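Just so it is clear, A, B, C, D, E and F label the chains in written order, and each chain counts residues from 1 on its own.
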Amino acid sequence: MNRAKPIRRKLDIKNGRVELSHGSGGRAMAQLINDIFHAAFDNDWLRSNNDQASLDALPGRLVMTTDGYVVSPLFFPGGDIGSLSVHGTINDIAMGGATPKYLSASFIIEEGFPFADLERIAQSMGEASRAAGVPIVTGDTKVVERGKADGVFISTAGVGVLPEEISLSSDKARPGDAVLVSGSMGDHGVAIMSRRENLQFDVEILSDSAPLHGLVADMIAAAGGSLRVMRDPTRGGLAAALNEIALQSDVGFAIEEALIPVKPQVAAACEFLGLDPLYVANEGKLVAICEAQAAETLLAAMRAHPLGKNASMIGHVVEDENNFVEMKTGFGGGRIVDWLSGEQLPRIC
Amino acid sequence: MKYVDEYRDPALAKGLAAAIAAEAEAGRTYRFMEFCGGHTHAISRYGVEDMLPANVRMIHGPGCPVCVLPVGRIDDAIRLAARPDVTLCTYADLMRVPASNGASLLKARAAGADIRMVYSTLDALRIARSEPRREVVFFAIGFETTTPPTALAVRQAKAEGCANFSVFCNHVLTPVAMRAILAGEEEGVPPLDGIVGPAHVSTVIGSRPYEFVATEYHKPVVISGFEPLDVMQSILMLVHQLNQNRCEIENQYARAVVPQGNARALEAIAEVFELRDSFEWRGLGAVAKSALRLRDAFAAFDAERRFEIETKAAADNPACECGAILRGAKRPMDCKLFGTLCTPETPMGSCMVSSEGSCAAHYAYGRFRDRARTQKEGVLQ
Amino acid sequence: MCLAIPAKVTELLGDDMARIDMDGVSKVINVALVEDLSLGDFVVVHVGYALSRIDPEEAELTLSLLREAALVGNAS
Amino acid sequence: MNRAKPIRRKLDIKNGRVELSHGSGGRAMAQLINDIFHAAFDNDWLRSNNDQASLDALPGRLVMTTDGYVVSPLFFPGGDIGSLSVHGTINDIAMGGATPKYLSASFIIEEGFPFADLERIAQSMGEASRAAGVPIVTGDTKVVERGKADGVFISTAGVGVLPEEISLSSDKARPGDAVLVSGSMGDHGVAIMSRRENLQFDVEILSDSAPLHGLVADMIAAAGGSLRVMRDPTRGGLAAALNEIALQSDVGFAIEEALIPVKPQVAAACEFLGLDPLYVANEGKLVAICEAQAAETLLAAMRAHPLGKNASMIGHVVEDENNFVEMKTGFGGGRIVDWLSGEQLPRIC
Amino acid sequence: MKYVDEYRDPALAKGLAAAIAAEAEAGRTYRFMEFCGGHTHAISRYGVEDMLPANVRMIHGPGCPVCVLPVGRIDDAIRLAARPDVTLCTYADLMRVPASNGASLLKARAAGADIRMVYSTLDALRIARSEPRREVVFFAIGFETTTPPTALAVRQAKAEGCANFSVFCNHVLTPVAMRAILAGEEEGVPPLDGIVGPAHVSTVIGSRPYEFVATEYHKPVVISGFEPLDVMQSILMLVHQLNQNRCEIENQYARAVVPQGNARALEAIAEVFELRDSFEWRGLGAVAKSALRLRDAFAAFDAERRFEIETKAAADNPACECGAILRGAKRPMDCKLFGTLCTPETPMGSCMVSSEGSCAAHYAYGRFRDRARTQKEGVLQ
Amino acid sequence: MCLAIPAKVTELLGDDMARIDMDGVSKVINVALVEDLSLGDFVVVHVGYALSRIDPEEAELTLSLLREAALVGNAS
């Protein structure tokens, strides 16, 4: 018998859709994974086709994180769920002061999802991962019946390695510390909202979705030892990030609205929607809290990096048993910036 | 942002604050009610209170349609939404408002009701068109500002023969409520000295409907824009009138309000709606001729008739001080529940349910002032 | 609830609809309630409808009064 | 001012449901995470409330994996999606020969999901994690609108550490190697199917869902160096596992049906449904391929462990350019065990 | 498993294999067709072929209802399911069957059609009851075995007045197809020596309907159970008859089959169904009086009338050798497409679409034998 | 497609329904097609319906023929 192997037809990426059989462990699943995911992520760990990736030893403490991505719409100005799922998880590693090393990706796909969209998302993830130098080394694919998901959900996890001298945590803010943000607030949320069916407006704002570990590396090099806390102000925006830190460090904040960068289009979109940019999500910005005397050095390092060129020192940490985030308004009065309590739009990340 | 940024200028704000301080006579207290929740929100968000002298005091009025909506009407909306054939469309503001027994539209949605947040009546009508097998009910709420969009949607639905669209009408009227406040002024509570009138309502109804405030109650009104400098300018105008012993209806928002209002909008309202005999306002009680319902000609689009809604009264928490707060007799921090049992996540009374309510605005923006206040209590009161 | 903002009319789309712009944010709204609208007019927009036109002269007048009051205030 | 903090009402676990606001980054989300997840998983990494966990350095090569869990129904005889999501990911680490160390968990929750069910799932995860000694150190929670998911989906990722001498991979099977399974096939799949609305039958079969790292540690201690491949035969069952290995190692298998343990009730359920137990999913079983001379030692070590007491040597690796899994049937004839190509029930894990 | 395990005993199998080998006369070839795909599946799955002597050869018949269903009928079902008002219920076996233009029910489902896999007609009826606003269509397929359950469901639906339930009927008849095979035997192809008859069909129709095979075609039939020893025993019985020059209808499955069949089941079929004039069998072509449709009394439950289905013929791949394979003229590996372009994932012909088809069974279970065969080609043929 | 398996009737539920058991797997099926069913009877089950009763004596007979043939075969 000559070795008559089945002739593998390529997935019909243009017209095909994910079927239930692509999730049930047979040849169809193997083909989907190979033709779309392995092709896009392209590395030997994946090609070895094991259920786990064997990696090199990491020199230093380990940092681990995970996020689920359910953003709607899946494609938005400045990014898509694929690149977002790479950036967001890299950023959570970076916010711990660590260097992100490896990512995993778990896909939950709705029956009927077009291959073309899945490939576009996978390609975008692959590009984001390569650009960041953080490979996706292992993954998983599940398919659920039509109506049991919303296109595709992605959960990524990441591991990184933490230099000895760095110890960041949200309970480490101390009165007197400086508060810095790396750039304008609210871009991601406004970019998403501009594509929501029931809000539809047009605005030339791109999501700021970006990997922050390079910026963080420069910040650590400049003033690592004096960093106390870093956060990426994602869901709930700057307001949520500061309130969480205030609560966990049992401090308050005194910030100035005029010092917080907000793009005019973002401000305008927020006016339209009755939102406050301080509550709107970012995906490529960080807030850093550091010892006061290091603030200028840190700010200079941030501004020297492309992702921090609009960095700004927005205020400082104060003693406050109420854990208020107090803000001098641009108008000249005072207010607090409380936790979010109105409706925020869901599925922003 | 043209017509916005210039009214938020901090340098002008400083000057205006000084002007108000200079104009306000020492030894005299000025108690002004900003009727509208939009003003309450602006005052809180921009910190306008910090820029007023101690003897100019702002009382937050009942001008938030979400806050004054009686719990029974939310119960009605939840019952409607629970019908398997109904899709309820609502402005997002209403989603979290607590109804009876801990319910809310948000919880009803979680429990399976088809409830959609819309930005505009246009969206609700679009949903009705694209899902002809669903009964699409728009949960209409708002003052005169928000009423014309509802009227236009109903008119449009009728013109199109859109048979599956209806409106659960909760539109209420500003001047009537203002009269109720003024008529209810109590002994022992210092009376209001003037009123900051809502400019967006007046884009529709004009400034004339407020004349009774001057003629009958002898208090000045300034129709005021919603930017913080608009409000401060209006306050200055009020102080000025009082100092001159005038009580007139002045229009600070002349850039978009004319005395007679918007004829097209008023026509649309008049065509579609008629006065209810009486309507319950949370915090104020039943107020005669204070709300609208659909006319008989539009009965087919009236969810109250279509679904035979009969609103049941639901009692508010007796410890809630909203009534007194709305009348200017108390402030949020005078309420025992404020900030402990009553918070924006767990509102116990009407003033806490929307960010435009006086308790909610104070909670979200102003609580830090309570520190100062407790230190120098008595100075302000 | 009465949130309304000023925006500039950039396109008349017919059928009582128009495109408006505010600092780069553009949106299609209903303008049935405002008579004789022209390109470049500013309108007050509320829940997807224009409620009234902004009168630039009145706006200028208000602003000049404001500036004057602030001047006086600062001097006092 | 006395410090009048909001009186935190406990979540109404008994009657409450997840609302959209539990996913939007405000106080409601913080409370959900604290009252349900932190309470169930109970460790300091989570309590520190950072978006990432800082862990100790791992001595050795790193192994990383992820799986998404979409099983339906969420609760089934012998387990639930929570324990499954811990066991499955631990097992994928263990199949690499590594010691699982830490888990992350990403929850995608459908609006309206009862708190009571969520708590039950979280508690089950917490127990599974404590029993296995592998803590859940970081997590994420998203809420999607009703109708956009199916109750709850969980993606877990895991990291582990790999001893120097171990190198397992699915391309390492060599002709002559022995093939062992750790116990009876098909229990998990049958337990799930017995609760499917449209199949409903009653059978006293529990899912075999269990963490295999203890068994693997014993196997490595007994004959680690001679292990070539390990796989947990999950979706697609033993058939999929063997066919994948055959393809990746470019070998064939010769196995004997009579040597493959299958419980009578599992066999009976499969008769009813027209399924073959070799294609039915397991969640607490492994297939191991080792050098022939170590097979007896390995088998003895497996049988000495509670999770391997029914272990069996089922055949061996052969040279075969067709990569056939050839099986002597219990009846006495011959057949191949091909990749799954009929419908398999979806959402088994 | 009582009545199962004893018929899978490998020790008995060995003895029976020896008995067949002893009984089969050297120099003579025995060519038996197992009509039913269930037998094909059992033979393949248990490796029965390995236990037969080289001169006893099994030909896989057309007895898989999924395989013989013409592509046009799958097209019909897909069109039905694509209707927004229709929920199509189907046995899982049909989901992957390729229709025209690369379509399938599985793909239609992925594209949004509401298609549910059911285990039983009981489930389809339950769905119709619980979703009264949906048109629930049961995609009925199968031989006489599967027909009574459909008949009972239709009868039940009528009794209940279940107005939203209907059946897309594709039930076909075994004896008629068997006659078509026998009538079509060609010159140059060695004729069949006997037939292994399907016992589960005979639980319904009994053994009598096969008597024409003996009387008209002078070939023996043994009605055979589906366990591998049942099949081997039946083969032994066939060899035995031939050696004795007998041709009778024998019943190996006497434990559940009686000559007259199941009266209740036959009544139910007769009440609900009537013969079609002709029906297309994939691989066999149009066969007169070979299929059923709903009687006029049940017209309301007939999806073909309710949805005005008109089946269009769809051509099979001309390179496909199914016809010749079904007639025993060729074997799967004689087809150029087998295992390369035609696989269970990408079936090109009817014999590959279900695991009971002869090509699919050979692909999934028997391919390893092609090695041996290519080595000693000619020995077997 | 014609998959059918033997199972024991363990409970008569009325309304033509019965519970059957096969090696610990139990299921409710329709038994309308089989007359005079008793507890303990074995039936052939297909797509949720009993198609016929199994006759234990016939089964024994078939088996004994089988055993006999095997014996003969092994001896040959």
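As a working rule, contacts are C-beta pairs under 8 Å (C-beta built on N, C-alpha and C of every residue); 3 or more make two chains touch, one makes a residue touch a chain.
Model, not experiment: these values are computed from the prediction.
Shared contact partners of chain B and chain D, listed by label: A.
Comparing mean CA positions across the assembly, the chain most remote from chain A is F.
Averaging Cα coordinates per chain places chain B and chain F 75 Å apart.
Inter-chain spacing, taken between the CA centroids of chain E and chain F, is 21 Å. The centroid of the Cα atoms in chain A and the matching centroid in chain C are 37 Å apart.
Residues of chain C found to touch two or more other chains are 3, 5, 22-23. For chain E, the set of residues touching two or more other chains reads 1, 4, 13-14, 17, 96, 119, 123, 343, 345, 371.
Each of residues 20-21, 27, 264, 267-268, 271, 322, 341, 343 in chain D touches at least two other chains. Pairwise, the chains that touch each other are A-B, A-C, A-D, A-E, B-C, B-D, D-E, D-F, E-F. By the touch rule above, chain A contacts chain E in their complex via residues 1, 4-7, 9, 12, 17-21, 27-28, 111-112, 146. The part of chain B that touches chain D in the complex is made up of residues 96, 102, 106-107, 109-112, 338-341, 343, 345-346, 370-371, 373-374. Chain A makes touch with chain C in their complex at residues 200-205, 264-265, 267-269, 271-272, 274. On chain E, the positions that touch chain F within their shared complex are 1-4, 6-7, 11-22, 36-38, 63-66, 91, 93, 119-123, 141-143, 145-146, 148-149, 152, 198, 200-201, 203-204, 226, 229, 233, 236, 252-257, 262, 264-265, 268, 354, 356. Looking at the complex, you find that chain A touches chain D at residues 1, 3, 5, 20-21, 23-27, 29-30, 48-70, 92-93, 95-96, 98, 102, 104-108, 137-145, 147-150, 153, 155, 157, 159-160, 162, 167-171, 231-232, 234-237, 240, 244, 248, 281, 321-322, 339-341, 343-349.
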